[in-house]
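So, here come the structures, one by one.
Below, chain A partners chain B and then partners chain C, in two separate complexes.
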Partner chain A sequence: MSLAQILFYLMAFIAIGSAVFVAGTKNLVRSIFMFFITLFALAGLYVLALADFVAITQIVIYVGGILVLILFAFMLSGKETLNAIGEQKSKFININKLPAMLLAGLFLIVLVNMILKVDANNLEWVKKSIVRNNMILPNSSMTEGIGINLMTQYLLPFEAISVLLMIALIGSAHLSRKGKGA
Partner chain B sequence: MISLTDFLIVSAVLFCVGLYMIVSKQNAIQVLIGIELMLNAAILNLVAFSKYDRFNNGGQMFALFAIVLAAATTAVALAIILNVYKQYKTIDPGEINKLRD
Partner chain C sequence: MNFYITYFIIAIGLFGFSALFALFGVYAERKVSAFIQDRLGPTETGKYGSLQTFADILKMLQKELITPAAADKILFILAPGIIFVAVYLGFAALPWGPGLVPANLNLGLYYIFAIISIETLGILMAGWGSNNKYSILGAMRSAAQIISYEIPAGFAIISVVMIAQTLNLQTISAQQGILSTEVVKFSGFWDVTHIGGFFAWNVFRAPHLLIVFVIYFIASLAESNRAPFDIPEAESELVAGFHTEYTGLRFALVFLAEYSMMFLVSMVAVILFLGAWNTPLPNIGPVHLANWTTNAVWGIVWVTIKTLTLVGIQMWIRWTLPRFRVDQLMTLCWKVLTPLAFACMLISGIWRLWLM
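Moving on to the complex of A and B:
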């Protein structure tokens, strides 16, 4: 087993373990902070998939932006949510959660079954790209390629997403302003 | 050499954890975290397959777009959650049962 594989299993274990903790814990603050760990582990997985730029973007946007937003919303939404959490029973397996667990578990079985059937390593286009030397190697630099492609091939989605971000910014500022008619 | 199937299984597990959170949680913020987990599972798939597309890198590009879209979604959703809290004094999605004031 190579070092990359060991690191992959470690990162996958951390990501899945902390995600399960996020889902299982009753304490909202703790679950938000464990979500940090999940996101960092996922960034590590992106690095192991040879996508370093995406990993950095993940850390900057998710950890720097989205989680701070979620923490703000949690703090602004007041004491009632905290009290409600304290009142809940601390049983680990709750009978009310059974349908949700059943749904998630069965969906997982379906997904894993399908993944094992697809056998992604032997897909036709994957083999073709290995033959054509179209595969990312650990020593190839990706950020250049992303920059060039962003300004040529993917220029239209790039512009569209900039307009959409502007709309979302104005919309959320409008929604959260104080006073009448909001 | 890490195989694609490993990445796909990790992302399937993360997706199902997100699904469980969306269905079972009684707090709008935790539902939002579940949505983020599902989005991250999808992004992991995009990134894993993008290893075999060096010249166009479509997978990484759309992973970046998906991250930006997730940021926009979260900002709007949190603004809506704060407004709902102002109206109802709770953010339990089960108790919010009318759209008008």
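Moving on to the complex of A and C:
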């Protein structure tokens, strides 16, 4: 096995193991800190796939932003509430969990189906890209490519997302403004 | 396999450097504060008290590691490690001289920006794990402050990147001196590509970059939890903030992280604005001062001098200004620095498109 393969299996194992812990544990705060490890392992996998920009963006947005926000919500809600959630008695198989189990099962079928059907070593579009020399090498810089594509080919989705985010910002500012007459 | 050994040596060397810097920094901080408050500071241990911090660290190594009974033990023990490692990882991408950089990343600047944000998570972990109201209040204040000040800092960084057109810290450094491969202009009108010196530094490349530098410096003070932005560990209100419950080696690790963070943010400021490892001496006619003082050895000397100067200014500010109240802190960030940084970013774009 090459070093890249060893690293891939190591990080995939860490990602899956910590994700199982996140889903399984009853200590919510610890599960959030485990989620941090999952995200880091995922970032490592992105780096292995030569998507270093995506990897760092994932750390900035998820670790620096979203995880900290979730932790804030936990810390503002107090320890008693969290303990009450942790002490809830529930069996692993439960009628209340039916929708979740259905979704998970369906998703598993989709994934298994895809893995069985796809022939990852000779994909049509990968071969075409190699012929046209349209690929990323380990020493090439990705940022320029992402910037140019965002401003040309994917301008409409990019602008649509920015409008959506703007709406969310204005909405949250309006909701948090409970002063006079509102 | 040889280069793996080199990597390990560099990593250990950087760790040793940050530890030594923390020892030196604590001593300097005490002496500076003593000078500002008209005291003497440490005088007993060693000549001029110079062995005081070594004595302190020896004492800390021997102390008992106390874990509070009600603490979340795993989080409590892991937190100082995460806080320090987050800062230490940032050192990997910092260039020290021409060709001297531990990891020459294409996205070096973005990487450091990402790594710094992990420290917040470690602080929240310490605050929650301690299970103490002062710790958790300190941790929440710290997280709120760091997240808020990341925005003006980010805009300030983007303003420089728009002018430099790269995220590679080594390329940004090379652009600010005689090794530049493109034309460098002082304030946009005077070609100083072959003159070099402080004329070619990014602060003087465009007039608004001076304001950007000040914005970044203020934001970096807040990100490393230094006074006047030290409400997370306001000793008159919160005992010691998020590290109230830590003793011995764990406490030392938290302090090591704080001083490494000071060095890290100062060095990023030096690389982005103050010419990185480039010499401040320009070529004057036949006297080629800049050519003589630009190489790997001089690079380390210049970058260290500049960074230590900025760290010194951080200490000076800490012992001069009173602490901000939380509303003043947020007002400064959201109503002053963020709009100003945003305006500077717009000017950078216009400058790059029409004036360069």
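A few notes on this one:
Just so we're on the same page, the second predicted complex is superposed on the first by the 144 of 182 C-alpha atoms of A that agree within 3 Å, B and C clash if a C-alpha of one lies under 4 Å from a C-alpha of the other, contacts with A are read in each partner's own complex, and residues count from 1 in each chain.
One rule holds in what follows: contacts are C-beta pairs under 8 Å (C-beta built on N, C-alpha and C of every residue); 3 or more make two chains touch, one makes a residue touch a chain.
The structure displayed is predicted, hence computed values, not measured ones.
Once the complexes are laid over each other on chain A, chain B and chain C both fit without any clash. Contact with chain B, but none with chain C, is seen for A:I70 once the two complexes are overlaid on the shared chain.
When the two complexes are overlaid on their common chain A, residue A:F53 makes contact with chain B and with chain C alike.
Looking at the shared chain after the overlay, A:F36 reaches chain C, while chain B stays out of its contact range.
Legend: residue contacts after superposition of the two complexes on their common chain; A:S176 is shown touching chain B, with no touch to chain C. By the document's definition of touching, of the two partners only chain C reaches A:S141; chain B does not.
Look at A:A12: by the touch rule set out above, it reaches chain B but stays clear of chain C. Once you line the two complexes up on chain A, you'll see the smallest CA to CA distance from chain B to chain C is 15 Å.
Where the contact sets of chain A with chain B and with chain C meet, they give residues 53, 65, 72, 74, 142. Those residues of chain B whose C-beta lies close enough to touch chain A in the complex are 1-10, 12-21, 23-24, 26-27, 29-30, 32-34, 36-37, 40, 43-44, 47-57, 59-61, 63-65, 67-76, 78-83, 85, 89-92. Put simply, chain C touches chain A in their complex at residues 72, 74-75, 105-107, 110-111, 113-115, 117-118, 120-121, 124-125, 127-128, 131, 136, 139-140, 143-144, 147, 150, 167-168. Interface of chain A with chain B (complex): residues 2, 4-5, 8, 12, 15-16, 19-20, 22-23, 28, 31-32, 35, 38-39, 42, 45-46, 48-51, 53-54, 57-58, 61-62, 65-66, 69-70, 72-74, 76-78, 80-81, 84-85, 96-97, 99-101, 103-105, 107-108, 111-112, 115-116, 118-121, 125-126, 129-130, 134-136, 140, 142, 145-146, 149-150, 153-154, 157, 161, 164-165, 168-169, 171-173, 175-176, 182.
Taken in their complex, chain A has these residues touching chain C: 29-30, 33, 36, 52-53, 56, 59-60, 63-65, 67-68, 71-72, 74-75, 79, 141-143.
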